[in-house]
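Next come the structures, one after another.
Each of the next two complexes has subunit A plus one other chain: subunit B in the first, subunit C in the second.
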Partner chain A sequence: MSIRFENVTYVYGENTPFEHKALDGLSLEINEGEITGLIGQTGSGKSTIAQLCNGLYKPTSGTVYVDGTDINADKKKKKENFFRVGLVFQYPEYQLFEDTVEHDIAYGPKNMGLDDNEIARRVSDAAHFVGLDAESLSKSPFDISGGQRRRAAIAGIIAMEPKYLILDEPAAGLDPMGRDDILTKLKKYQREKGTSVIIISHSMEDMAKYCDRIIVLGKNGVYKYGTKAEIFANPVALRDMGLSVPQITKMMYRAESLGVRFHRPLYTVDAAFEDIMKMLDGEDAK
Partner chain B sequence: MIRDITLGQYFPGDSPIHTIDARIKILMAILMIVATFAASGWISFIVLFLSALALFLLSGISAKTLIKGMKPIVFILIFTTFFQVFFTRTGDLWFKWWIISIYSNGVFFAIKMFIRIIVLITTTSVILSYTTSPIVLTDGIEGLLKPLSLIGVPVHDFALVMSIALRFIPTLLEETEKITSAQKARGTDFSTGSLLKRARSLLAIFVPLLASAVRHAFELADAMICRGYRGGKGRTKLNQMKMHASDIAWLVLTVCVVVLVFALNRLGFSDVAALFGR
Partner chain C sequence: MDNIIEIKDLSFSYRDPDGTLHPALKNINLSFGRGTYTAVLGHNGSGKSTLAKLINMVLTREDGDIDGTITVCGKDVTGELSDDEAYEIQRRVGMVHQNPDNQIVATTVEEDIAFGPENLGMDPKEIRRIVTDMLKAVGMEGHEKSAPHRLSGGQKQRIAVAGVLAMNPECIIFDESTAMLDPQGREAILKTIDELHRRGDVTIITITHYMNEATDADRVVVLNRGEVFMDGTPEEIFTQVEKLHSVSLDVPQVTELFYKLKKAGKYSGKLPLHTDEGAEALAGLLKKRGKLCPSDLKM
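On to the complex of A and B.
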């Protein structure tokens, strides 16, 4: 089962002076049970894809399938799809509105029509996953810090327990520590729950560190879908699309051009550190 | 959806209408409104219609844009026309069938009301919204109200408040759209359920929107203080408004239209025919 786009075109403001084609005949498939990274330049249609996945946008032409069914075929089932494909918007902390964080996290599950016990379980589960303690749960969402609010907003979607979880720039505007923290937690969540997670991001570093597979969107919707190795194997092609490989991979290619041999391609600083230390140890032993 | 609203839609250009001084434009718009409501005779309406047409043609605004801008008032147009035609009971009886009877005056009133609304929208949007940028417009309002500052009215502050409000309309619209989508993704249903339930759904939009408006206000205030803003006193303008002879000519021309409308109000078709007959 998967999310599948078939020849999807999306045009903003059709028949107005502001008409703008965001996607042109895009076909892609996002596998279940993985963390997929969606990367591309500003204006490449990343956020549009996210909103097409859960049915907020309807394709101008083409079809979006979730688990094999066309999500726009039956208008009455639209709401169901919102719960199946959870979408965390950019800067989701600005959507909080209830009197306490707890109530806000419960808002989605409540709209699903679940009973109180189930809601309570989901809220505490979701709060636990994003690392919100009982004290902040009882506070007003306007009284907690920015990072906490981001977590609360993400928890609000997680509590709906969607089969697919899409996050549009979940780490934007956070400091490096908050960034790693949220992404690590998402990865842990994905591993434990087996949910399919799709992360939209600008950062190749984050993609390399947390994603299983990566979708690269070019300027005209041209995309490349593959594992990290497949995507980062061709840094020149990425550069032509206005993107680049992670810094550490760049360094690896540079070192290789100078004659250094690595055991495996490097995508994260941690892996590079490990390998280089090993190589240095090997040299000491000689 | 929200994007379709052409609120204060400004189309940059350099047509004769675009280049008129904003202060004069505001006066022209007011005068045209007065003329529209004062018109009652057929000849007056023709004069009115022709001046609106002339303004529109000179402005270089496409007919498509103008028609699109009128979409929201189509309902009002149909509604008023309907009532005028079917519920007026004076004049000659022209048509009668079952309970429907149409009198001549009803048709005449309907046509006049129709022209009146069309002219009203055309002139104000062509003179003001389509051809004047909101910033220039508020400058114009400030300029016109300046004499009031002599009696202690804080004209500059009013103008500033207005221009900030205008500036934030698109921002807040965009934010409304974003928040609405975000809440929809959480399963909010805005269209079904009891009134109370629907009102509660709207709360999910209004609370975050209000919070973000307040946030914008504080941020803007901080930014203004950082750039040394301290009120209107002794403040100069980057773009000084200059009145040209042509601006005065436009004003005089508009006054002429108003005078003409008033003067011709008493004239009917028969009078004109008589005038040419002699």
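On to the complex of A and C.
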């Protein structure tokens, strides 16, 4: 099961002077049960893809399949898909509107027509996953910190228990610990629930640390879909697409030009530390 | 050194409509010398943006209680200023914000950059020259007639910088201006900042959550819970890894790697901040232990 785009074109403002083709015949498939990173230059269509996945946008041509179903085939399928694919927008905390955090998280499940017990269970589960305690649940969304608001907004989508969870820059604007915290929680959520998580981000460091697989969008559709090692193996191609590799990977390539030999590409600090310790201890000598 | 901004014993609390106060800054003493480049770091809610908004007069006594003084270009901006004086301060201290879409006002790039100078009633010929020069300064020459909404995020931010530069400011504050940009856009803005800094006549203050960006500054100020927590050169600040972690901050990946090696007893030199320094330190380390042998590259 997967999310699959078949020859999808999406045009903004069709037949207006502002007509703009965001996607042109895009085909891609995103595996289930992993954390997938979606990277690409500004304007490469990442956010458009996110909104096509949950049916907010309908392709101008082509088809979006979720678990084999054309999500735009009819109204019923569209509605079902809306709950199957949860979408967390950029800066979602600006969309909180209820009187308490708890009511805000409950908004989605309520719209699904669930009974009160089930809603309560889901709110409590979702709050637990993002690390919001009972005290903050009873507060107004305007009386908690920015980082907590972000977590509340994510919990609101998690509470719908979507099979696919898409997050557009979930860590943007957070301080380093806030970034790590939210991404670690998402990874834990993915591992425990088996939900497929898709993260859009501009941070190569975060992508390297938290994703299982990465999709690189170029100007002409998907440039590459692969493991981190496959993606970060070609820094020149990434650079040409306005992207980059993590700082630690840059350092590795630079060190190679000075004669250092690594056993594998490095894209996290932990992996680099582990390998360099081995090299220094001489366990690599063969 | 001549200071463009001097902050003395500054405390600020936001005031709710019902009068409740929320302290945001406590007893800040900082000065910024002309032509310097400072990065201000701090966790979410540490007061970074509040400080910037006070300097630029986006926040005033109407928004909260201010104690102490902020002297900008010789004037205390916390005091009573005439409208003309206030505009003059905002012209001299420009600001580039986080979201590129929130700061572009016109339908073509040249009109956008001309917007400020036109409001000052400058001569059209002079405005034309300024537009050309400023686009060149941010590496966007040839885009005069482009529609801003067609540009990438990094290009839009550079147009925003050009618009600020057109006012001939003495200081520019970048408030998380790279947060929404892709790596290339971020690099372009950092390059622009670097070039402005090299010109020497503009004071630069950047507020950022990206530690890599702060390593390029001359000075790093760390705020914590509304107070100045650290103040020094990037080398002095980023080598204090544990202290930064204690206030929700981080260090560049290269620094973190060598910090771990140091803790493991494998490295004793100074912690590198940049990619090249790190690569050289690593090569040096392996060479010392006889593990680097360019003639025997394949193992």
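Here are a few things to note about the model shown:
One rule holds for everything that comes next: the second predicted complex is superposed on the first by the 280 of 286 C-alpha atoms of A that agree within 3 Å, B and C clash if a C-alpha of one lies under 4 Å from a C-alpha of the other, contacts with A are read in each partner's own complex, and residues count from 1 in each chain.
Following the convention adopted for this analysis, contacts are C-beta pairs under 8 Å (C-beta built on N, C-alpha and C of every residue); 3 or more make two chains touch, one makes a residue touch a chain.
Nothing here was measured: the structure is a model prediction, and the numbers come from that model.
Subunit B and subunit C, once both complexes are superposed via subunit A, clash. By the document's definition of touching, of the two partners only subunit B reaches A:F97; subunit C does not. Once chain A of one complex is fitted onto chain A of the other, the partner contacts of A:T227 are absent, as it touches neither subunit B nor subunit C. Greater residue coverage of subunit A by touch, when subunit B is weighed against subunit C, goes to C. Look at A:T42: by the touch rule set out above, it reaches subunit C but stays clear of subunit B. In the superposed model, A:Y107 lies in contact with subunit B only, and not with subunit C.
Of the two partner chains placed by the overlay, only subunit C lies in contact with A:M279; subunit B stays clear of it. When the shared chain is aligned, subunit B comes close enough to touch A:G13, but subunit C does not. Note on the superposed arrangement: subunit C collides with the subunit B stretch 225-233, while the other options among 117-125, 207-215, 225-233 or 243-251 stay free of clashes. Contacts of subunit A with subunit B, set against its contacts with subunit C after fitting on chain A, overlap at residues 18. On the side of subunit A, the complex with subunit C involves touching residues 18, 20, 40-43, 145-147, 169, 172-179, 202, 204-205, 239, 242-244, 246-248, 250-252, 254-255, 257-261, 269, 272-273, 276-277, 279-280, 282, 284-286. The touching residues of subunit B, counted against subunit A in their complex, run 3-4, 175, 178-179, 181-189, 203-204, 207-208, 211-212. Across the complex, subunit A meets subunit B through its residues 13, 16, 18, 51, 54, 56, 79, 82-83, 86-87, 89, 92, 94-97, 107-108, 111-112, 142, 156-157, 160.
Taken together, the subunit C residues at the contact with subunit A in this complex read 42-46, 98, 149-150, 152-154, 176, 179-187, 209, 211-212, 245, 248-250, 252-254, 256-257, 260-261, 264, 266, 275-276, 278-280, 282-283, 285-286, 289, 291-294, 297-299.
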